[in-house]
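Look at the two complexes coming up: chain A is in both, with chain B in one and chain C in the other.
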Partner chain A sequence: MIKYVFIRLLTIIPVLFGVMVFTFVIFQFLPGDPAADMLGPLATPEKIAEVRAELGLDDPLWVQFGSFLTNAMRGDLGTSFRGQRPVLQEILSRFPETLKLTFSGMTIAVFGGVGAGIIATVSKNKWLERFMLVFTLGGLSIPSFWLAIISILIFSVGLNWFSATGGDGWKDLILPSFVIAAGPAAVLARTTRTSLLQVTRAEYVRTARAKGASERRVLLKHILSNAMIPIVTVIGLQIADLMTGAVFIESVFARSGVGRLAITAVFSRDYPMIRGIVIFGAFVYIFVNLFIDLLYGVLDPRIRYE
Partner chain B sequence: MSPPQSQWQIAWRHLRRNPLALFGLYVLLSLVMIALAAPILTSIDPTDMDYESILAAPSHQHIFGTDDLGRDIFSRVLWGGRESLRVGLLAVAIAVIGGTIVGMISGYFGGKADMLMQRAQEIITAIPSILLILSILAVFGVGLNTALVALGIVSIPWFSRIARGATLAIKSMEYISAAQALGANHVRILVLHVRILVLHVLPNIAAPLISAATLALGYAIMAAAGLSYIGLGAQPPSPEWGAMLNAGSGYLRDAWWMSIFPGLFLFFTVLSINLLGDGLVVALDPKLRQ
Partner chain C sequence: MKRLKIFMLVLILAMLSACASPAPVETEAPASNTPQVGGTLVVAWPQEPRTLDPALNGDNAGEFVSNLIGANLATYDPEGNLVPYLAESWTISEDGMVWEFKLRKDIKYSDGTPVTAHDFAWEYKRAMNPETASPAAGTMLAFTADAEAVDDNTLKLTFAVPFYGFGTAITNGGYLQPVPQAAVEANPEAFGKSPIGAGPYVLKEWVTGEKIVLERNPNFTWDAAFTHGGPYYIQNIEVRYIPEYTTIVAGLEAGEIDYAVIQAKDVQRIKDTGKFQVYESIQAGVSPYISLNTSVAPFDDLKVRQAFNHAVDKETLIKVAALGAGVIQDGPCSSTQFGCWSATQEDFGYGFDLEKAKQLMQEAGYTAGANGILEKDGAPLKLTLLTDAVRVKVAEVLQKQYQALGVEIEIQTVEGSIMFDTLRSGDYQIALNGVTYPTTDLEMAMFHSEFGAYNFGFYTDSALDDLVMGIIVTMDPAANAEAQQALEQHIMEQAYIVPLYSPVQYIAVSNRVKGSVFSEKVSLAAGLTQLYLNDAWLEEK
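Here is the complex of A and B:
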């Protein structure tokens, strides 16, 4: 197992390096002068030249990339234009807000989605299954930001149960959590169904039944435990998505997470901030995926030996 | 005995027996027709401001009501449909064309070209797509056209993976080897490779690409509307559904119709595309058809 972990860790190094190259290169396409952008329209040419030298913008590209990389490795992703604060510090101060929403939403999605998937498949009721398929397709097709608007119209404006936006209490988390859970729950319900159907046809399930194992035991021990791998994958991918991309929901409900920080940064042309968020997001994404991979090794010993 | 059928005829027969997919197809066709017939269905200009009726509730005169600038929402929703379809189709076209070329080259030639392209895509897919789109918008400027190009680019790996896999699967087949064996001349090798790719490989990988493209269309339309909603896509006064919802979110208490109608059209467009796409995935895959 230790060897497996070590090998997997080694494989992400080139990807991380690639992400750094990519983010460095794409921001080279920026029109204009970063130093002038940073100082604003009132800056004198001398001041701009001074800042350019300070930022190393006159150095050859590979030197700039080198310092960009070594700085990043020390946790220095630059200083934001807007707040003049270290980018990483700003991102980390917003991250808990995004995590809160991710985990409350995913809890709802896992229980709702996997539960619905199991019930619809195990019941063998054609109508229930059809209903679930249509319902989940609706969940996948409804734009999350519109679902958020509708839920505010119904529960805040109409019924007055929740305040529409803002607020930091647990009550303010309910509406966004349910809205953000809709898509992942739909994906999970479908994955659960497909996975269960595949495993149900497996030979070891027939063997278990032939041995005379009880239906309950077959379901829990033989079917569910084997059907878990694709489900865990999808849960992991959805968590990674929400942690890095709750952009729309955070925007509708005016929650100050990383997603909204990214949007503000695009509007205010705060390039160090955008670049920092992209790097941060990619790191989170890569490490969540790595964690899922390692989890496979635990769930399915066969994978470790490949 | 029935005459032999092409794979497309078989696929269509399967699709015809799938009520959900057919429903999706008909709804989608009607929505496309409504969008194309916008100038016939409404005589009101989508950007016309009527200061006499600002935030008017749905009525005979304005069946979907008017917005904060007195513009007719029915007319804006119809014209907005064209905008969404245009954005979705162009974004998917970029993704399919880019992905197919990259994937076919990768799969057909293998070796270093394949390795390089695979690594590049690994890096692209390691960055969450919404952040990738945001950084492209930040660098190249906010707007619906940049947004659609960004959406297309981030979906390229999806198609190149399909195209590469499918190309690898048929590369080893005999008719490809036979076609290769026919060309000995060095100069003609390249021409031959292109001919093989276009004439033999492409038709055989079209089916999985079509079903994936349908599902990608739904995603692109939804994502483009989302970007417009947060202000990074369509700019005023463009009648785009996401931008309309953005305008409506300021009037949730006073004018629900501003937030309901554009969203309903967006939802049904994406839903119908997904229903059709789900049906196509099964109808176009010989393994799933059984």
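Here is the complex of A and C:
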């Protein structure tokens, strides 16, 4: 097990390296001069040249990439043009907000989505099942951005239950969490249903029933535990959706997380910040999926990491 | 028709400003008409400031907050008259080269230390230093050669050329204000996050990405002559940074926001809540306008430029592209711009006249070719109109209107700073651009061949240069107004640009805010949305 974790950690290195190369190359193709962007339209050419030299923008590309890489390994992702603060420090200061939102969103999505999937499938009630299918179709196809605005109009402006312009309290977390959970919950509900239906038809389930195991035991022990693997995989993939969702949701609900930081950085062409957020996002995603991989072994004892 | 429209607009504005004075509300006790100290005014703003160091700041998000934390030498009263503020009085030398200010003796920073002329001189010099690369204050001090403190209460500014428009610069407390030298020097970077000023408010809290909270400055024991003359009544001002406009509108409707800039399409909706006054005013500047590159064909030809002016149906343009929220602008400045010869808004003679435009094109040597596209020497007149994403709708209407003239226009949308670089490089023929600015000094930036940072038309007209310098250096107000008129007439005789319309801006202010806060002439003119909070107070929620 420890050996497996170690090997998995090693495989992260080429993936992160790939992300680094990719972001570095992309930023080389962007129009405009970072030094000029940083200083604004009134800067003198001398000042721009000076800052270019300071930032190492005149060095050959491979030298620039080398220093970018070594700095990144030391946790130095550069300095934000806009706030003049270290990028990583700024991201980390905003990350707890995003973590709160994605964590509560994920909790709602997992319990709501998986729960709805189980109930709709197991109850064998055709209407309940159809209702779930239509409802999840809605969850899948309604853009979270639109859902966010509509939910503000209904629950904040209309019913006055929540603040329309956000805040720090736990109550302000409710509406954005539900909105951000809508898409992932729908995906999970559908995955759960498909997975359960497949497992239900398996021979070992028939055997269990033939043995005279109680329906409750069949469901919990034989069906659910075997159906969990694809569900957990999808949960891992949905983390990426939640992080993307945070970009919109944080802007609409005026929350100060990493997603909001990303939007501001894009609009003010704060290249080091954009690059930092991309790398940071990739990092988080990779670790979440490592965690999911390790979870497989817990869920299915047959999976052994050699 | 246009006169009628303008008259109607003035009437509406007059009615609105009449509404702005506190009207007695029947259901409330009369006590609510006496100012009371306290409350929190919640302002919604789309972007967060980069810094609150006035010399380093260049965005209006920072300007708005810095203007409440600090103050400058003079200010505008609600009628638009220049009145003393931090300076008690000032004198301008005969030749206009030296301005001397006598400062008030009772002004203190929020930390209690007195404000001296040395702080002014030091801060002005810091903004003037090219090393500082001050985006806004540096520009305002472009003609200032030196700033020195004669004694603790006397500030002397020496100019490179006489500068009539400097009167406006000294009213801007958002960019130009005295700061304590020691505090800035101790930690220049920290100062941008925790500024100290001599204005009516103190920074209490800045939650990055969320809000800035200001608290009433108890050391602000004075104020301009037109006010009650002491600390402001509103205890806290909370500026919330909400990037999504729809959320701002929802926040207004939910009663969580007291003050926000809104778009024309939401004016009725906000008014219908019954909880807001919606004030409106024309934006100062020339935005949008069509920039014509006069150094290349076809716009090196006066007749073509005139034809392009005649071919635009501005009334339709405003209806379609601005949802009616605009007034026709025929000259190089809008009627709310300080110093603009406002009588000229419709006197330049470029009404919508397609026949005349066609005739002018013919005189310029163009004939109708295949598909009705104009041709000259066998080459069809096809142009690429450069625009940024914000003005695409305007560009599309213009594309259609110029098609009627026989000009084929392709729209190229580029990102804001690329647009600026392209315009400055001259590598274009025609572009849709816009500049907002409170005073007519803007015309120097736009039209002077040497000093014009925004001379995107590449004008090299010595008569034009002389006329531009005329409005800068003529210190006598009456003579300056004449110079202004001559300049505007020359610009439009030469059809150097195609002015389109002046947008109307809207600002929603909660009925909780009592007292007269809006000045039609000043509040929105500078593009700043600065209300007069000096005498305003808040009713409890």
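What we mean here is this: the second predicted complex is superposed on the first by the 297 of 306 C-alpha atoms of A that agree within 3 Å, B and C clash if a C-alpha of one lies under 4 Å from a C-alpha of the other, contacts with A are read in each partner's own complex, and residues count from 1 in each chain.
Operating definition for what follows: a residue touches a chain if its C-beta (ideal position, glycine included) is under 8 Å from a C-beta of that chain, and two chains touch if they have at least 3 such contacts.
Keep in mind the model is a prediction, meaning the values are calculated, not measured.
Trainee: Check the contacts made with chain A and report whether chain B or chain C touches more of its residues.
Mentor: B
Trainee: Taking the superposition on A as described, I'd like to know which of chain B and chain C A:155 touches: first, second, both or neither.
Mentor: Touch partners of A:155: none, neither chain B nor chain C.
Trainee: Kindly classify A:254 by the partners it touches after superposition: chain B alone (first), chain C alone (second), both, or neither?
Mentor: Second partner only.
Trainee: Please work out whether A:65 is in contact with chain B alone, chain C alone, both, or neither, and reply first, second, both or neither.
Mentor: In the superposition, A:65 touches no partner, neither chain B nor chain C.
Trainee: For A:103, decide between first (touching chain B), second (touching chain C), both and neither.
Mentor: neither
Trainee: Thinking of the overlay built on chain A, is A:264 touched by chain B (first), by chain C (second), by both, or by neither?
Mentor: second
Trainee: Name the contact category of A:135: first (chain B only), second (chain C only), both, or neither.
Mentor: In the superposition, A:135 contacts neither chain B nor chain C.
Trainee: Is A:95 touching anything from chain B or chain C once the two structures are fitted on A? First, second, both or neither.
Mentor: Neither partner.
Trainee: Between chain B (first) and chain C (second), which, if any, makes contact with A:24: first, second, both or neither?
Mentor: A:24: touches no partner chain.
Trainee: Just chain B (first), just chain C (second), both, or neither: which does A:281 touch?
Mentor: The answer is first: A:281 touches chain B but not chain C.
Trainee: Pick out the shared contact residues on chain A: the ones touching chain B in one complex and chain C in the other.
Mentor: Residues 149, 152-153, 156-157, 164, 251-252, 263, 267, 269 of chain A touch both chain B and chain C.
Trainee: Which positions of chain A touch chain B when the two form their complex?
Mentor: It comes out as residues 14-15, 18-19, 21-23, 26-27, 29-30, 133-134, 137-138, 140-146, 149-150, 152-153, 156-157, 164, 240-241, 244-245, 247-248, 251-252, 262-263, 265-267, 269, 271, 274-275, 277-278, 281-282, 285-286.
Trainee: Which residues, counting only chain A, touch chain C once they are in their complex?
Mentor: 31-32, 37, 39-44, 47, 82-84, 90, 93-94, 149, 152-153, 156-157, 160, 163-166, 168, 251-257, 260-261, 263-264, 267-269
Trainee: Mind listing the chain B positions that touch chain A in their complex?
Mentor: Going by the criterion above, the answer is residues 20, 119-120, 122-124, 126-132, 134-140, 142, 218, 222, 225-226, 229-232, 242, 245, 248-249, 252-253, 256, 259-260, 263, 266-267, 270-271, 273-275, 278.
Trainee: Considering only the defined contacts, which chain C positions touch chain A in the complex?
Mentor: 44, 47-48, 50-51, 58, 130-131, 133, 135, 138-139, 189, 192, 207-210, 240-244, 246-248, 250-251, 253-254, 256-257, 415, 417-418, 420-421, 453
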